[in-house]
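Pasting the structures in now, so scroll down.
What follows is chain A paired twice: with chain B in the first complex and chain C in the second.
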Partner chain A sequence: MIEQNDKKLDRREFLFRAGKAGVSIAAAGTVSYLLYDSKGPGAGTKEEELVTLPDFSVSHQAGKTMSIVKGPDRTKTVDKAIELLGGIERFVKPGETVAIKPNVAFASPPMLGATARPELVAEVVRLCYTAGKAKKVIVTDNPINDPASCFTLSGVGKAASQAGADVVMPRDNLFRHTTLAGGRLIKNWPIFYEPFKNIDKLIGIAPVKHHHRAGASMAMKNFYGLLGGRRNIFHQDINTIIAELAMMVRPTLVILDGTEVMMTNGPTGGSISDLKRTNTLIASCDCVAADSFGCGLLGLAVSDLPYLAKAEKAGAGTTDYESLKPISTTVS
Partner chain B sequence: MRIVQTRRISQAFFFILFVWFCIVSTVGEEFWQLRDWPVNWFLQLDPLVAIGTILTTHTLYLPLLWALATVVLTIIFGRFFCSWVCPFGSLHHFIGFLGNRKKKTAEKIQLNKYRKAQCIKYFVLIVFLFMAAFPSVAATLQTGLLDPIPLITRSFNLVLLPIVDGSINLVSVSSRFYVGAWLVFGIFLTAVLLNLVIPRFYCRFICPLGALFGIVGRFAIWRIGKNQSECINCKLCEKSCEGGCEPAGNIRISECVLCFNCRQECKDEIISYQTQPSLSGELTNPDISRRGFVLSLAGGVFAVPAVRLSNKLGSNWYHRVIRPPGALEEEQFLKRCVKCGQCMRICPTNVIQPGGIEGGLENLWTPVLNNRIGSSGCQLNCTACGQVCPTSAIRPITLSEKLGLEEFAKAGPIKLGTAFVDRNRCLPWAMDKPCIVCEENCPVSPKAIYTQECFNTIRDGVLTVKKVSGNIIETVEEIVPGRFATGDYYCVIESNELRKISANTENTIMILSDSQFEKKPAPGSKIEIQVRLQRPYIDIEKCIGCGVCEHECPVSGRKAIRVSAEGETRSFDRRLLLKR
Partner chain C sequence: MASIQRRAQRLESAISICLLAILSLIAIGIFIKQSGYNMSRFGIKATTSAISLQMLEADEEEITLSSLVPAGFNTLSKTEVYEPENLYEKINGKAPFYVESGFEELSTQRFVSSDVDSLWMELFVYDMGNVRNAFSVYSTQRRAEGEPFAPMRFAYKTGNALYFVHGKYYIELVGSSESSELLRAMAEVVRKIRANLAIDYDTNIDELVLFPEENLIGESIKLYLTNAFGFEKLTDTFSAQYKLDSETITAFLSRRTDQQNAQLIAKSYYNFLIDNGGTAKPALKKSFEGKVIDFYGSTEIIFATGTFVAGIHEAENQQVAEKLAEMLFNKLSDTSAE
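Up next is the complex of A and B:
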């Protein structure tokens, strides 16, 4: 709009313009008032909204907490081991959603034993769908190596999706901060939370592996994969962090695969000569008990792994697995 | 259908195909990931890539034979590639159209006139080709800096795709990062925005590939021209001329990009695509002055020794230039790498990064490993980068060759460099804190990182015994409760017996119950608190320089374990050990 210079400002025009000016000033004033910050930024770090991982454990049944099955065929031993605890129906109710957390930490082929075996993961997925009548099964991990490569090379990704499970990759937007009640290390720490938020049951699947810093990597250490951020910093106090993981994560069931055990060069392995055949598979509702038995396969005592005693003290389980009267059997 | 419609369809088709190839350059098993998609096809069609590598290596790498087809078609039809195939050209074409569509006809004719500066692209080409043809040893391939196909490949793969996908993460699981991508972006953006000043600015003034086509296509059998010498001289044919080749007068064949806009505009159908030269006359040769030619030739000849004055190929080589597995020896590598960024795009861990100029000017945008970026060093069981390299600057090695298995057992694994522990920064070495994340993640078997155990007395760790009962030692001094309960602390008494501590309160220390002292320490005697450390060492014979340790090191600023290129297999001069 071009205003004529010779045109005199009339009253109506003046009031109209004064009104517009007034509204603009009021708007500027309101915005300033609303955003007014008398203190300035504090020294503290950003406050995150905290989440807590649900408790996935099932009710205790005497004498049916842990089973140990001997045999060379993982598909058969895991079927038997779960059957001995009351079958998958005890753990997975029809229509439920199940998350399976295998150890897929490394981009390494299955034969090297650094990751959970694909056939084992597939079999548990299958059980959840058939006998358990689960609505949906997801398989997920937050590996150390490149996630996509880990799921591909370990064979777990393909096996899981062929068995009908959804493979969930650890995308950046799936992490939330948590603080573990009674914990010393897990404070305002990002964890791989979103996939587990709305599920009903959690099953961990881990191989038995040598680990130079922690002594052994088994069912409890498997949940390291739920930690996000710069989780390597916890290696300064590895025993406490593993114990805190056992406090933070309450799985429905853990499958500890000792069919072939990585005796040396763990947890990466890299050679078949690092493996030893021990033909043992453990299913347990108690992580600590499973690991307390599992360390024996590596030739270690419970006292060699301080995190076991710590977890027991924190109430995450028992190191005295014999007290659970584990059911043992052999399938050929 | 009119020919310009056909041209637009062709441009859209090849542009979409190009973008599709960028998307599918992802490692994976899905149909939209790398399976047998010919993701290098545009680079292979590019004769500048082929001629450049022919000049530097005196050979034509088989997949680059595609370029022969482009050359033959150009000899027959002229610069069809620029207006019918080239994705960068299509982008310029489109932006130039958008930016100038509202201008008046007279303005457009003025905008699309021939300019003397259009000869610059020939000088660019001459400089690059002489750098490549430089007598044997010193030759270097720098065409990729401005060659439009590597340029747009690099820009899409290292800038546009990561920006678009960074917020939705559809193509890759986590956001991708590329060091110095801002410069790639800046050049790309400048080239695109210059279309608002003059349409197809890049094609007309800079593009060395266009210059090559201009030279090759000047004897084209079919060409644009007038089929009668006289016309009403309305100049409408020059209104939308993409090449600025003056079809109204003496048409400049080497500038004509075969957009066919002139033919479309000519209402009297005087302009046609024909075998006979334009009846109003034509200029076939590029407008290069002798002085310009001599100067650019001299520039090309002097550029290589000038760049090499930094001695980056000699004793002053830069140790952070860690090349991907299978990369050729440095001189040979620089003769082949066209800086297209395909290896950086395909790398599943994002560890391959565009190089900067710290490694010499020639190093710019060549692939360099940066273990601080990405999801984990160079993954042991991966050879993706060599499989996509269009010129075999990175050879397409097998996994057996990379890992030194089977027939390569004698040669051993391919080493990218060697990891060095920085004992001034490493937690167990410098700060007496347990760690060894590097050892845990070393993927080699047996591990290239090994540890030696030691027990160090901690600061203020000498305590006085007040009382001993069972496995509990009461101390005179106060201790932070729980401090020694991590499983890494030990207690030593005067008889040098070492016992593991299981817990402590503010004035008691609990010894692990199954490792009690043979003789109890007496009240008043001293005990020492020691921390058990596993300190990392590198077995230089085993280390392959993959950088997984560096990536995982929790000292996150300047890492406490770092790979440097010494000992890389591809270089004899940079070896570290006497053997191999």
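Up next is the complex of A and C:
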């Protein structure tokens, strides 16, 4: 039966049909190849277009890497903490542009402790202008919630503006893709880059908070705000991403505010009963050291937060903050 | 031969039609999937603030969050709606906790005082799918300093906030400051919710009455849907605190599908504790069927009775732990016998 059927197909016809099939397959393959996006939607940026955040750190001075100041008044404690490290003049030179990255992740009132306190941000801005003689200070964050609501309801936007800072809200055109050298998660990923591109110094300001996923949110986790895109996927490997943030962002100084600590229900909190007054503020050139001290305010050990050891191993700082001989004092 | 040719042509036509039909189905599938394209998954933030007012289901009625605005207040923001995929945009690191607890949707809106701009509150309505899920997120986050908020059973207030369970909803009202004016307004919002969402909100959690009432610390019962005490197989587990002989002590229970499963989970949990550094020790008084374990200085007790796995968790005093275990064992055994 097959033989009979095949007899109808002469050589010429066979070649013609085979040719047609070949052309069809080749055409489909070519179109598929041209349309194929190996990186998926939204994630593709050419290697040469990738950016890298500059290193904003300053050279370490023995015995002046970290200070711990006790006291209830954030304005006084931050003044003292920076003074103990050599004053803002050590970090900010006349004519420089400074970016301050407070934690303004949520549209919540200052009293809940989910965001950096406005008076603390304002005081650091003031110091940069008065003692540091900065040309320009910008205050910026890429919040979880609607940025305008976050800056308004947290009080940070108004406080920073009144102190003379430019408040920069995130917009799509301020993001660029980066790949962290030696990183596992930050690969061709959008970051909030443009505001930091042409600055000279970077200061982070973060409250000490419990964090449901990470255990704690402090100075290192604050820089999670620089990540764009669908950054929540990193919650699946929260310790690695926080350690990589410490590798990616080299701030000049971090201010860790433990005046009131969110002990539970973080990172959003919601009730004043989530807070505990510990009257402690840390200034540090070493993010890892600051957080290693800060976890104690939450009743945690360094070993309770695996990202600390990971960051230390990656060379981002030390968990042995005592080795830095932090300067401690109290201001009333 | 002609008939064979015709049959072959018909077969070819049929195969071609089938292939075209499959390709059409694939195209339709892609079209449907693309129409629900979630930009936030690919690095572009979806705008939540522009979403129109979200309706809440309530039997035959529908209400909007805006309709809940209390007297003397106005809406400060539009209703925002979040689903499991983008809940992190609102609550960041706490999102996995809700999603793992059955979260379906969050609607939020802010209300501000007509007279004082700095006096505002935010209403969070979490649709948790069912009352057990809602009770779980409520109870495991309950602030120890919270005061009961009558007349609701699962409700409490702190200096600036109200938290409660209403049917399948877990609801939070968070104020911008400690203010009697805000708390009054929050109470009005609660009244409106209760009036408009008539739901039997505390009748479906049978286990709540299974703990012995004597010495039970009010409002201490928590429901862990998964991973209770760090053991992943210990699901749907209730814990309750007791004040007994000056000791604060935690009891737990979990209703399983059948007796065999209860025995299996009890044995697995016992092995889990032993594998993690616990050591078996004898009971001081053999007043119940169960295992006693020394776990780094604290006492753990595990037993299975009927369809229940139950016991005592992290007790400092073994004698008191056994006393409470006996009370719980008897109550659960009586329940199983009924």
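Definition applied: the second predicted complex is superposed on the first by the 284 of 332 C-alpha atoms of A that agree within 3 Å, B and C clash if a C-alpha of one lies under 4 Å from a C-alpha of the other, contacts with A are read in each partner's own complex, and residues count from 1 in each chain.
Convention: a residue touches a chain if its C-beta (ideal position, glycine included) is under 8 Å from a C-beta of that chain, and two chains touch if they have at least 3 such contacts.
Since the structure is predicted, the reported quantities are computational estimates derived from the model, not experimental observations.
Chemist: Fit or clash for chain B plus chain C once both are placed on chain A?
Modeler: Clash: chain B and chain C overlap once superposed on chain A.
Chemist: When the two structures are overlaid on chain A, which partner does A:Thr268 contact: first (chain B), second (chain C), both, or neither?
Modeler: After superposition on chain A, A:Thr268 lies in contact with both partners, chain B and chain C.
Chemist: Go through the superposed model and pick first if A:Pro109 touches only chain B, second if only chain C, both, or neither.
Modeler: A:Pro109 sits against chain B and chain C alike.
Chemist: Per the contact definition in the header, classify A:Pro306: touching chain B only (first), chain C only (second), both, or neither.
Modeler: Touch status of A:Pro306: first partner only.
Chemist: Does the superposition put A:Pro147 against chain B (first), chain C (second), both, or neither?
Modeler: In the superposition, A:Pro147 touches chain B alone.
Chemist: Could you say whether A:Lys158 touches chain B, chain C, both of them, or neither, answering first, second, both or neither?
Modeler: A:Lys158: touches chain B, not chain C.
Chemist: Which of the two partners, first being chain B and second being chain C, lies in contact with A:Arg11: first, second, both, or neither?
Modeler: Neither chain B nor chain C is touched by A:Arg11.
Chemist: Output check: A:Gly229 vs chain B and chain C. Expected answer is one of first, second, both, neither. What do you get?
Modeler: After superposing on A, A:Gly229 lies in contact with chain C but is clear of chain B.
Chemist: Of the stretches 148-156, 418-426 or 472-480, which one of chain B hits chain C?
Modeler: 418-426
Chemist: Both chain B and chain C contact which residues of chain A?
Modeler: 106-109, 144-146, 149, 153, 172, 211-213, 230, 232, 235, 238, 264-265, 267-268, 270-271, 273-274
Chemist: Spell out the part of chain C that touches chain A in their complex, as residue ranges.
Modeler: Interface residues on the chain C side: 1, 4-5, 8, 40-44, 48-49, 77, 88-97, 120, 122, 141, 143-146, 158-161, 163, 172, 174-178.
Chemist: Which of the residues in chain B come into contact with chain A in the complex?
Modeler: Touching chain A from chain B are residues 27-29, 169, 172-175, 348-349, 374-376, 379-382, 427, 433-437, 439-447, 451, 482, 485-488, 500, 502, 512, 514, 534, 548, 552-554, 556.
Chemist: Which of the residues in chain A come into contact with chain C in the complex?
Modeler: Result: residues 1, 4-5, 8, 40-43, 105-109, 111-112, 144-146, 149, 153, 172, 190, 211-214, 217, 228-230, 232, 235, 238, 264-268, 270-274 of chain A touch chain C.
Chemist: Of all residues in chain A, which touch chain B in the complex?
Modeler: Touching chain B from chain A are residues 106-109, 144-149, 152-153, 158, 169-173, 184, 211-213, 230, 232-233, 235-240, 264-265, 267-271, 273-274, 303, 306-307, 309-310.
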